[in-house]
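What follows is a single structure, written as structure tokens, with notes after it.
Labels A, B and C are assigned to the chains in the order they are written; within every chain, residues are numbered from 1.
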Amino acid sequence: MKKSLVLGLALSLVMGLSTGCGQKAAAPAPESSKEPAKTEAAAPAPAETTGPEKIYIPLVSKGFQHQYWQAVKLGAEKAASELGIEISFEGPETEAMVDKQLDMLQAALAKKPQALCLAALDSKAATPYLEKAEAAGIPVIGFDSGVDSPIVKTTCATDNYAAASEVARHLAELIGKEGKVGLIVHDQTSKTGIDRRDGFVETMQKEFPNIEVVPVQYGEGDHAKSTEAAKAILTANPDIKGMFGANEGSMAGVMNAAKELNKTDLVMVGFDSGKLLLDAIKAGTVAGAVSQDPVGMGYAAVQAAYKAYKGETNPEFIDTGFKWYDKTNMDAEDIKPILYE
Amino acid sequence: MQNEVSKNQSGISLKNFINPARAQKFLAFGALILLLIFFSFASPYFMTFDNVVSIMLSTCVNGILALGIIFVIITGGIDLSIGTVMTFSSVMAGVTITTMGLPVWVGIIVAIITGTFCGFISGTLVSRLKLQPFIATLGVMMVTKGLSLVLSGTKPIYFSDTPSFRKITVGSFIKFGAEGKYSIPNGILIFAVMAVIAAIILNKTKLGRYNFAIGSNEEATRLSGVNVEKWKTAIFALCGAFAGVAGVVMAARLDSAQPALGQGYELDAIASVVIGGTSMSGGEGTILGTVIGAFIISTLTNGLKVMGVAQEWQIVITGGVLVLAVLLDKMRKR
Amino acid sequence: MEERLLVMEGIDKSFPGVHALDHCRFDLKAGEVHALVGENGAGKSTLMKILTGVYTKDEGKIIYKGKEIHVSGTKEAQEMGICIVHQELNLMPHLTVAQNMFIGREFTGKNKAFVNDVEANRRAQVLFDKMNLKLDPKTKVGKITVAMQQMVEIAKALSFDSSVLVMDEPTTALTESETEELFKMIKLLKEKGVGIVYISHRMEEIKRITDRITVMRDGMYVDTVNTAEVEMSQVINMMVGRTIFETANEENYTDKENVVLEVKNLNRGKAIKNVSFKLHKGEILGLSGLMGAGRTEVARAIFGADKFESGEIYVKGQKVKITKPLDAVNHGIGYLSEDRKRYGLTLSETVEQNISLASIDRYTNKLGFTNMSTITEMSQEYVNKLSIKTPSTKQKAKNLSGGNQQKVVIAKWLLRDCDILIFDEPTKGIDVGAKSEIYKLLSQLAKEGKAIIMISSELPEILRMSNRIVVMCEGRITGELDIKDATQEEIMKYATKREA
């Protein structure tokens, strides 16, 4: 009896495998494949096949399950369907897993793509693979935090330093340019983490001498850890006036902490969007946030990669932009499309 | 029930044909071959020299960790700290080589000693101070994770000044084809050498002998006049040493010591050991099985990516394979 | 003819290597106490485990209340009203008395999610009142005496409305007054029409409380007699059946001048009180006493398996310090535990791995590599010498029969050159044929000059094997007997000599 159970499990696994393929087929180009369950439809056609060449551009990101990355993926898929090309989108489970990202990079290169988009967790670690790509004539486009390497000619990213400065200025205004503020940052090693931290802290120091920034806490972008970190700050500094969460997860932590400690007068400002943050801003518990344009970023990255493959030149830095939004303007024409839930 | 009896009988007669130990290796090995065949058909890019080398390279670190932890698992224990001990060792190598400017070989030795020392601490906590392995190594895991961040100043330490360091993993002794077109990275050789060393220790030495005895019946072993405390400590230290080697291989691959990395790697290592047919309750286990288990995991990860399976589904499938492997193993033993 | 409550016929059961039951039968009337006797390994417990659903029978049928039944699990048996009070108690010390009694069938509210402890306590209290038992159902089981725990087991059985209650050696762990309480309880149950199967080694108890006696021997049914019409000596003859033991102590190899081991004033809490004795070369010293008298504790203390508080141990005249088993082994002391499977063998390993476990040092070079071929050779030598029945030295220990497993443990110590061997219940769980081989081996070892301490609960075994007998009670040595003066009665007298 147990044997048949095990066999059943094996069977369901195989089915899972084919469903997985189907998923893949459905995801990048939903309108193109009529039979998503067929594995043949899923497998990317080899580059050597004659007839119209199928262009394949993988995106290797820093994560995949966060709303932010899903929005980047959405933009990339939009560009892909406009251009009629195929893409894939992958990232490691946590941003600490540098080697897992290298494995993904390897697997992506093994498929001989026409171009590659990369948001490197550690640019130096990725160098050999970039060299390999260069040798194979595969152009590499950086996105998000980009890639710190001469091989990468184009980066599509938000100017995180400038965006964080913008947040700092808004927060300073909101608390009357004096008092204590704190911030939760997702990590201390990545470029986005460093830029957002420095942009915020340095702007406060330079432009608002009466504002004191308490020591920065890191929460790995994890909701629970960020909550703990934010609670630690709030408990240690009962007179704190404002808090900044440097990404989606960090901001969730700040909001949780304020709720758990019942700090109703705390001024909170965030970064990015996501349902939690949007709802909070709508309800007025969070004053506002800066949003990058992840959808535009994904879109721009794929467009730039396509151009590079076609031999056209791209600018070195493609600023995908950021915008301050709050309760008053979040439904405005220019804001609404860049917010994602 | 009657049906079951007849089924069992057929199972028994089959067992008589095949030596159970050999059947186990066959099972894991067969699964690996099956995976390779499946992926070869599923994607034209899978069975290419470059991709196979990438699979092997991505097996190295997890494989070496698995080779270490199998010793502890055979005693019936667990070491949750190997992932972060690995990281701690690579940070120590970074501190030695980059910050202090000492030669690369000193850094390597420091890394391995660091790993061994962490293992020794876990072992002492478990054997002499009678903490449960789960708790003791959880503590060591957190301590080493924190220390890695402290020592590195929470930033990666790069080996930019010592280009030779990187060669440890990505350089290559073995090259063939025109102008060395095909090369095998050294990391793979290190993994192979570590596997041979592990097999020798497990099968040919006193430590290996006592390792099985402790896992099979710790109390009986103690009552046989074996200094169980000492040997258990040694086994944990050995596991730590493997984590130290893994730390060097990892750091060399990334050309940097990444202080935030490491947590979660112990689970992959445990999965490799279990897929390789080792029981978590101790007393049995093979090195070959573990190596194959590690390859199954990385083949699966790579193959699913190359095939283009959505990432969410990759996780589902890997988990399913793990459970299935353990179920099949249980069935074999009945 | 009276109505039979229970009839078991043609019950047959084999385990790998042992034919445990050979077409046995047994019957029970309502309201009777029926003794089931036989030597260790005769098959009593196996038969009862089949009745109560612990094992499934290979052949035969069980008729209960006029209907044939198939018991496939203990729970099913309990629900039918067939319960067993095991020799080793199966209670969870961290749960309360009532929680233990109703484990697996807790009272729940309507939503089935919450456990109603109040109801459990009330039901338990009702039962205790019926049994005249003064016990609070809310007490943790770990806090009450063994005798009380036994009562809890009985109460648990009764809570199923049992009509058949099996008691497997219920008095071994009880004091005299506790035993009296138990007998009162049995009488009470009898009056209520419960059929009781009483397994015991104690003839005087059987004479006193049972109505009939069924004798088993070597897994076979011998006879059923009425207790009132038979002398206990007749029953013992039926149990033993044939002289299976060779008289081991007809020759005495003891070298009285040569004291190999001396223990002086050994103490450990309540378990060991001021124990002193000497052991000579070539001697088999029987260490007797009731279960829990402290015999095993003394053995484990000498071997360093447990720490002792005070006392001195001399090996061959030299005072030695033993704090761990390794110390004892280095002084040539080997210990064979009563529980081979837990303390003696690494079951999933091979015969040679077990034999060599204590002596690997000798076959290891400086680099830590062991010489497997020498180990195989040496193991083979001992397999031959002790005639261990195994297809090869590479066979796993768990596939050997009990007797052969015991020999493997003996071989382990012989390979390690141990001159002092402590055997704790060496024939426990071994079938009769193998027993006599172990006896032969013991006297052979004594003849070769080994000094042996043999702990045994079986008085005939002690009397047949020992040259000298030391009797313990409640952690003290209460008597020392030369074999010439020793009788079962004499030993029992000392074994029950409690402190005033």
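Here, a contact is a pair of C-beta atoms (placed from the backbone, for glycine too) under 8 Å apart; a residue touches a chain by one contact, two chains touch by 3 or more.
By chain, with names taken from UniProt: A = BMP family ABC transporter substrate-binding protein; B = Ribose ABC transporter permease.
This one's a predicted model, so the numbers in the text were calculated from it and none came from an experiment.
Set against one another, B-C and A-B show the most C-beta pairs in contact at A-B.
Here B is the chain whose Cα centre lies closest to the centre of all protein Cα atoms. Centre to centre, using the average C-alpha position, chain A and chain C are separated by 68 Å. The centroid of the Cα atoms in chain B and the matching centroid in chain C are 44 Å apart. Distance between chain A and chain B, defined via averaged C-alpha coordinates, is recorded as 31 Å. Multi-chain contact residues, meaning those touching two or more other chains, do not occur anywhere in chain C. Those residues of chain C whose C-beta lies close enough to touch chain B in the complex are 303, 305, 324-326, 328-330, 335, 337, 342-349, 353, 356-358, 360-361, 364, 367-370, 372, 412, 416.
Contact residues of chain A toward chain B in the complex are 1-3, 6, 9-10, 12-13, 16-17, 19-21, 23-24, 27, 39, 42-44, 46, 64-65, 88-91, 93-99, 102-104, 106-112, 122, 124-125, 127-128, 187-189, 218, 220.
On the chain B side of its complex with chain C, the touching residues are 204-207, 209-210, 212-213, 216-217, 219-227, 283-284.
Those residues of chain B that touch chain A in the complex are listed here as 4, 7, 42-46, 48, 50-51, 54, 57-58, 61, 154-156, 158, 160, 170, 250, 253-256, 258-264, 298, 301-302, 304-314, 316-317, 320-321, 323-324, 327-328, 331.
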